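Just so it is clear, A, B, C and D label the chains in written order, and each chain counts residues from 1 on its own.
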Amino acid sequence: MAANKYAVESIGTFFLVTAIGMSTIDPGGAGAFAPVAIAATLIAMIYAGGHISGAHYNPAVTAAVTIRGKCFVADAIPYIVAQCVGAAAAAFLVLFLKGGVKIEPKTFVPIPALVGEALFTFALAFVVLNVATAKANANNSHYGVAIGLVVLAGALCVGPISGGVFNPAVTLALGLWGAVHWPDLGPHLFGQFAGAVLAAIAFKIFVKE
Amino acid sequence: MAANKYAVESIGTFFLVTAIGMSTIDPGGAGAFAPVAIAATLIAMIYAGGHISGAHYNPAVTAAVTIRGKCFVADAIPYIVAQCVGAAAAAFLVLFLKGGVKIEPKTFVPIPALVGEALFTFALAFVVLNVATAKANANNSHYGVAIGLVVLAGALCVGPISGGVFNPAVTLALGLWGAVHWPDLGPHLFGQFAGAVLAAIAFKIFVKE
Amino acid sequence: MAANKYAVESIGTFFLVTAIGMSTIDPGGAGAFAPVAIAATLIAMIYAGGHISGAHYNPAVTAAVTIRGKCFVADAIPYIVAQCVGAAAAAFLVLFLKGGVKIEPKTFVPIPALVGEALFTFALAFVVLNVATAKANANNSHYGVAIGLVVLAGALCVGPISGGVFNPAVTLALGLWGAVHWPDLGPHLFGQFAGAVLAAIAFKIFVKE
Amino acid sequence: MAANKYAVESIGTFFLVTAIGMSTIDPGGAGAFAPVAIAATLIAMIYAGGHISGAHYNPAVTAAVTIRGKCFVADAIPYIVAQCVGAAAAAFLVLFLKGGVKIEPKTFVPIPALVGEALFTFALAFVVLNVATAKANANNSHYGVAIGLVVLAGALCVGPISGGVFNPAVTLALGLWGAVHWPDLGPHLFGQFAGAVLAAIAFKIFVKE
């Protein structure tokens, strides 16, 4: 049933954003291990929900998978809504658990932020399409690890220039937290969707099936 | 034979609690790598014992698997007893190996502690049910990694607000060590079982089989 | 089509070198987690591209796989060219994203540098040949993790004596960045190709098929 | 051919001891990441050599696998010799690469050292027997990760009380380096073989096949 898929997309994104907030917002953050906490959560949730919804937990991934033809167009919008609902719920829960901490907004230089987000969202979507939708890789056991490690790598590599977001639902949570001013999130969203669309195009060119 | 299963539940929980004590109690702890040591032990023990007992090593997981119908009700109590025996044995061994160190009890604010425990025990049980009991995921090689990474993530994300326990047998060990005062462990136990039961309900709703 | 393979070799090497530059060049580097970022990127890209090109992303690996007979000789040169093109593009992108940072060249003592590079490039190629080309290991799900962990280990073990490169395309990027003076890279290249060739010979001796 | 197996046991143990020496001996060590470097090397070498020799790389593991009946008795001695030759060669190479560094011998309290070694060598051998020799786990892709993670956990958990060795061939290397005085290594060796033998007995009791 479609509603099950949407619910699982909400749950997975909820835990992803919970992990991001709890591990990156001080006091009580995970310091240098925050990217490890985030990637570990994502990997576990992908393996938990993959057989139900495909475990996107990310509107940019949903866009890429839809372009590639493995997500019904009619599912794409409710998937994205479900992801944003899960992300928003987690955002408020984190604020409650962090006890009203004051979050200082960060600013990023727009062009590097956009490029950093586009680069690793491309990598993320390219990995997803290959490990989770390519016929040659059917029934593998590594898809969750591969996808989670892109997010780990991206957070470590471009975290300082873009925050290492790669996910419009997480971008929404950053806005709700006030971790980045809303208008400053434009380059993030543009980079994320551009990277995902380019990855879908690259996949269609390089993988014939 | 049932006794083999109970013995393996004791062994696995014994090593899990040994890892927790040795890596988190100073002097001689593993510092920021303690969650890594704990998750690594859990993953290895899950792969070692999964084919014998299902590798719960956690009364909350046993509760969730029993509700889902993949653990005989008659096995649930001896499983939990075996886990607690293993945990208690490890608790005393750790005290011996740490040479009579004085452990300062920690206090946690009850509501966030309960919520933190419920959240990640839900995640843990939801992942267990999906990767280890769902028909669509039969014979995968990632179940241990997925389960262990939830515990890694949870320790990093809610460790500061709840201790990152997610396991009533580990809760028993914390009490034996005096790491938390016994009465303060009530919210932990409630959150753990509540999270596990909710995960079993969610699984029954979302996964039809 | 051969062009798809070459393109994927370029993409994978591009992201590998991007991760190396972004995580190791300060400001904005990943500190002690840089080897984790690099290995995570490599693992993800191997799982993404393995079914298309074999996911070498490394001229020394291409040499070893060609000697072993699993890469057409006619493909070896274009593979290496594609890898170097990807590496060079990433090298310039990193300089752009790092905003014109001044990179101080490092010097390594030649013999230990050569030995360090030869040792872990041997290990890398030996692991690749066994996990990705041996009949007994067909259709496994661990090849990417195994290969990436050699690079993680090598960076941690011989990073201080050789930089932990193990890859002539990465060596090219180091030269372009001015991170090592060009003439000082001779021992690196010699060690890398010597290690790879010796690994191919060892594989042919020990694995009969 | 048997000689191939012995050669692979030498190669694998050689790289394991190289990683241990390079990552734990300062200057040029890997600091808090040393256990990660060691486990990563072990995992990679297990996946590389498993199909050839079974990838023991450890006389205690060879003893356990022999008792369990999955290593020919006639192979056990040459396996152990090959492992020690590899370990000794690596020990000398490390001394060369570290440029004649002066290694201060460490002392450990005998009983905790023996218990720590016995505990995690038991865990190591118990995991090996279950993931690599139990019929129910045939053809899995996680055996190397499971085994390597025990060593990672053990190094983090009992490193401060025993050094976290769990391997008589590594014990030999510690003696050659002068990292521990030879007579002080008795409890290590006794604990390692006792743990391995007990694990083989436990396996024979709990796993019927």
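Everything that follows uses one rule, which is that a residue touches a chain if its C-beta (ideal position, glycine included) is under 8 Å from a C-beta of that chain, and two chains touch if they have at least 3 such contacts.
Keep in mind it's a predicted model, so treat the numbers as computed, not measured.
Homomeric contact chain A/chain C: same residue numbering on both sides for under half of the interface positions.
Between the two copies, chain C and chain D, the C-alpha superposition involves a rotation of 90 degrees in steps of 5. Among the remaining chains, the Cα-based centre furthest from that of chain A is the centre of D. Work out the mean CA point of chain A and of chain B, and you get 28 Å between them.
If each chain is reduced to the centroid of its CA atoms, chain A and chain D end up 39 Å from each other. In chain D, the residues that touch at least two other chains are 32, 141-142, 145.
Residues 32, 35, 39, 112, 115-116, 119, 123, 126-127, 130-131, 134, 136-137, 140-143, 145-147, 149-150, 152-153, 156-161, 202, 205-208 of chain B touch chain A in their complex.
Contact residues on chain A toward chain B in their complex (touch as defined above): 1, 4, 7-8, 11, 15, 18-19, 22-23, 27-28, 30-34, 36-38, 40-41, 43-45, 47-49, 51-52, 93, 97, 99, 141-142, 144-145.
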